[in-house]
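The next part holds the structures, each set out as structure tokens.
Note that chain A is present in both complexes that follow, paired respectively with chain B and with chain C.
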Partner chain A sequence: MLTILFDGVAYGMLLFVLGIGLCVTLGLMNFINLAHGAFAMAGGYLTIVLMNRYGISYYWGLPAAFVFSAALGAILERTLYVHLYNKSHLDQTLFSIGLVFMSMAIVDYFMGANQQTINLPPALDGRINVLGASVGIFRIFTIVICGLLTIALQFIIAKTRFGSRLRAAVDDGRVARGLGINVTTIFALTFAFGSGLAGLGGALSIGIISIDPTFPLKYMIYFLIVISVGGTTTITGPFYASLLLGVADVAGKYYVPEIGGFIIYTIMVAVLILRPQGLFTKGATR
Partner chain B sequence: MSGSHDKDLQSASARLLKQSHSRWYEWLFWAVALSLFVIFGDFIPGVPTRLMLLTEIVTLALLALSIDLVLGFAGIVTLGQGAYFGLGAYVAALLAKGGAGTFPMSDPVIGLLIAGLVTGVFGFVTSFLVLRGSDLTRLMVTLGVALILSELANQMRWLTGGADGLNGVMPSAVLGIWEFDLWGRVAYLYSLAVLFICFWLSRRIVNSPFGLSLKAIKNNPLRARAIGVPVNARLVAIYTIAAALAGIAGALLAQTTQSASPDMIAFHRSADGLLILVFGGAGYLYGGLIGAAAFRVMQDVIGNITLQYWQFWLGAVLVALVIFVRNGIIGMMVAGWARLRKGDGQ
Partner chain C sequence: MRNRILSGLAAGAFALAAVPALAQEVVKVGLILPMTGQQASTGRQLEAGAKAFLAQRGNMVAGKRVEIVVKDDQGVADISKRLAQELVVNDKVAFLGGFGLTPIAMAVGPVATQAKVPAIIMTAATSAVVPQSPFFVRAGRTMPQMTFPIADWAAKNGIKSAVTLVSDYAPGIDAEKFFKQRFEEAGGKVLDSLRAPLASPEFSPFLQKAKDLKPDALFLFVPSGQGATLMKQVIDRDFAGSKIRVIATGDVTDDDLLNDMGDSVLGMITSHDYSADHNSPENKAFVEIFRKVNNNMRPNMMAVAAFDGMELIFRSLEATKGDTNGQKLVDAMRGLKWMSPRGPMEIDAQTREAIPPMYIRKVERKNGELYNVEFQDAGSIKDPTHTHTK
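Entry: the complex of A and B
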């Protein structure tokens, strides 16, 4: 019971780090980027390659995954995404699905279709007893890292100058522009940072959820659930939503494996119908 | 006042009539589709039989046509049309299998109608879900419905055969006369006939006052409501019709391939359908048809080299299409034609 809760929290935290970039880009630029998972996959595979081919330690693989995915995000944002901001949502959807297909094919071509495994550092492998429940050390590691990241994110957004500009831009991009805030730059930075976080999440997910070329498609729906339940105006909303989803998914798969997937989709549709603006947002919709 | 009103009404109906006249290139299109039967139907020695592929193109075209009705004309972004397609496939397969090749249940035409009816009812029920919310909400709701359905198809093993699907589906002869043959000749002509009928119906629908009101809703829902268009009722109606058409498309695929599998209801069906439509050009009705042919031939050529290449190029084509081209293949043709005529005038 406690083990499941723990696993669920770790999973939820992971989903949060994976998906938060998408929430911000959606809220900021009203841009539907279904290819977000591709950046996560890029980070995950980079870590795998670094570890298995070059023998670099996992601890270095994590920041490398962040930097790599952030760079990838920045490059793609400046070259491709920038053409799409003024297009319709349908165009954005198609474009990002196209990117997903391409990323899946590229990874499949270079790395093969199989699931990739790594040998975790011995310090992270194994299980320990916490409050009478047996818990994987790697999951604690994940929770700690994701927790620290969440706090840092909350701090950046709530306390720094950049954060207040970002919030202004999300609330009303036109007025923010009018006040002299460079929304384009803020968006480019946020996009790169969000992609980097996804990459880091991808590197972390090797140890928790397996990673293979279908990753971006498989987890796309999870990110969408996080957004739909959490809303895009805050980062606490998606955070709670991720935790809820993580625990619900792990518990559902454990207790009622037959209908596990079913429950989540039903909840998503129900939330979208009843509260299209998200479960954890305060009324006002745009 | 009333005189000018009558005049407006007359000119509007004249415009509608003019639009609904068929043009020479439309006849040419269907003639080409029919002639493919002779070319690839194993009548000419040396030319390989490709009727199976052509039949699949026809079913995909019908799926794309149904998406065109909701997306191209009513402006509803959907990623879930595959749900209705798959539902239709399973209904038709179960009927044909249950009848074991005898008249009322295994009859393909009756099967199509029932599949269309069932998916239509399901479409009607789910249509209320897409009335609210933004593009993104609609996208996710339709996707969610499709995922729930495909999960169900996987789980209800006693009914759907689970991951193995339903095999050995044997529909009886079409109209009691034409048995499905080994080369797929009957299958192709049968599917083409169904596509033609559904297409003709869709053409009538979009060129009717009802179709015009849909265009008004697509362009500006708020104004459409202000001039008295019952927006929600119209959207429900077109969504239901499109769902039924998608169900018929799925039923066709199940009958002609004599099987139904979770693959027919999976996410990629919805995505493929949308891609095909965008590929061909949304909002022309013919876009889905041309797109299906282009898509499936491309898939056959590139996919034969390796599967990953196909996925890569599909993605690349999509990205390029969105950035560089408006309205797909037909859009390009229309633009090229306009340029040509402009060149003549100067």
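Entry: the complex of A and C
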């Protein structure tokens, strides 16, 4: 049964890394970026191209995916997103969903519509026994990376000067500007960082699943569930929410396969009824 | 001199006769395919298969020029129905074809019936499709045709117990049902039947459950084009180490995806009617022209179904001498037999179902690429579900 727990935690961690960038832009910058999955897809495809066409190792693929998606995020933020910060949420939604469709068409054109996948390096492939349960090595690898990322993120936002400036810029941009904080740069950096995380999530996810051009839409539902259950005001909220959803999904499908697919949605509905501001949010909604 | 005048006159007369013929004698074939969305790879293969047919055969038949009109339904049934209506009313197509999923074929059925336009089912594999309209003719194959051979093979090769894992939609449930039926008739036992949501990217809980039940074999079915994710997680779960054989219908080791799956799928046993590796002159010619006109793509079972669908269209037009009356065309397709790249094909004269040849195949490496290599001919099986006769 430990195997199920491990699988669930790994799946949850994956959801978290994929969704955390969205949490950063939505919660911290108050910007609805539905095109988040497109950055994850970019990271995934970059890793596939690097590995399958140029024979570069997967370990280099991960940071490359982060850098590539972050750069893509930075460019798009400077050219496109920056014009939408002050627009209504509806405008932001329409704009970013448009980006999703464009990204899908572009990837389809260059990479083809079929599912693509990679072969993991031998060190990450296979299974080992942990406390009597058989566990995939790659899933442990995912858990470790995502765990480290969570700690680092929490530290940056809560403890560093950049984090406090970011929080100030979000809470009241005008006052922060008045205090000499460069809000524009902070937002650009944050956006790029969030996109980079999505790219990393994409690169990690191709170790477990395969990728095709519908990836941003297929996963959008999961990102949004994580965000709505976890709330967007903290990093820890979506983190616990991802774990809860990952474990509930995997355990549900194992023990009650007849209704397994619905469990994740049932949890979301229950949370939205009982705590519409999110399960792990302290204050009220904005 | 006289000769030249005569031939000049003849040429002039020929030109005069040919002009009106060219202007009106176009037969349009409307293909409704999922060119975008989840099933896009299927649509791509279908279109490529039809293109390969025209490249090989030319576009003239019975003095008429065949033209293909491709419409993208994104794999969504209500769009398919609207597109079918547009194709019939605006484009005046003489044939419909394609249909990526069962619900799509079901939605188009009433349009084909009312307009009396033959509709060639190339993909949707549920047995229930063809009885929905007297104008449906199947060029692909049905679920029981694919699952019976692998169930037989399993029962004859020391597999006594099995667990099934299928995508939770009509063809998946068909696959589960027919595998169980056939396997248990042969004395095997299905320990559990698991169904994963169609859109699910995470199969691990289902696979773990299957593994914990310790069957002799795990039977898999997912729609064509989606086998990569499943196989990745199957391999990750190490069934071979637990002495569980993994068997499937050929959709899982789809030619489109197989080569990327890596050596871990080597030796996997599947049943299907088509492998790009099939050893026949017809298939060699098909693969060659298909690769030539489609950017070196490898054809899969969808491509061959579209190719055979076009064959049906051409043969029926030949038989009616170019008459595009829907009823005459459908009647001309009944009982047709020809040599397809898959092997001998036949359309059941009673049920309008395809009767394709079936093979048991094993994944092997050939010329540096992974292929489904056929090692046993499972013969041709009529769809066993049909009681309807017209």
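Assorted remarks:
In the analysis below, the second predicted complex is superposed on the first by the 272 of 286 C-alpha atoms of A that agree within 3 Å, B and C clash if a C-alpha of one lies under 4 Å from a C-alpha of the other, contacts with A are read in each partner's own complex, and residues count from 1 in each chain.
Assume a residue touches a chain if its C-beta (ideal position, glycine included) is under 8 Å from a C-beta of that chain, and two chains touch if they have at least 3 such contacts.
In this text the structure is predicted, and so the values were computed from the model without any measurement.
By the touch criterion stated above, A:273 is placed in contact with chain B alone, chain C being left untouched. Shared-chain residue A:214: touches chain C; no touch with chain B. Residue contacts after overlaying the shared chain place A:126 against chain C, while chain B stays out of touching range. When the two complexes are overlaid on their common chain A, residue A:94 makes contact with chain B while staying clear of chain C. When the two structures are aligned on the shared chain, A:7 is found in touch with chain C, with no touch to chain B. Of the two partner chains, chain B and chain C are each touched by A:108.
Applying the stated touch rule to the two superposed structures, the overlap between the chain B and chain C interfaces on chain A comprises residues 104-105, 108, 258, 261. Residues 36-38, 40-41, 43-44, 168, 194-197, 199-202, 204-206, 208-209, 225-229, 232-233, 236-238, 241, 256-257, 260-262 of chain C are the ones that touch chain A when the two sit in their complex.
Interface of chain A with chain C (complex): residues 3-4, 7, 11, 52, 104-105, 108, 112-117, 119, 125-127, 134, 136, 138, 208-210, 212-214, 218-219, 249-254, 257-258, 260-261.
Put simply, chain A touches chain B in their complex at residues 26, 32, 80, 83-84, 87-91, 93-95, 97-106, 108-109, 217, 221, 224, 228, 258-259, 261-262, 265-266, 268-269, 272-273, 276.
Taken together, the chain B residues at the contact with chain A in this complex read 71, 77, 79, 129, 132-137, 139-141, 143-145, 147-148, 151-152, 155, 267, 271, 274-275, 278, 308-312, 314-319, 321-323.
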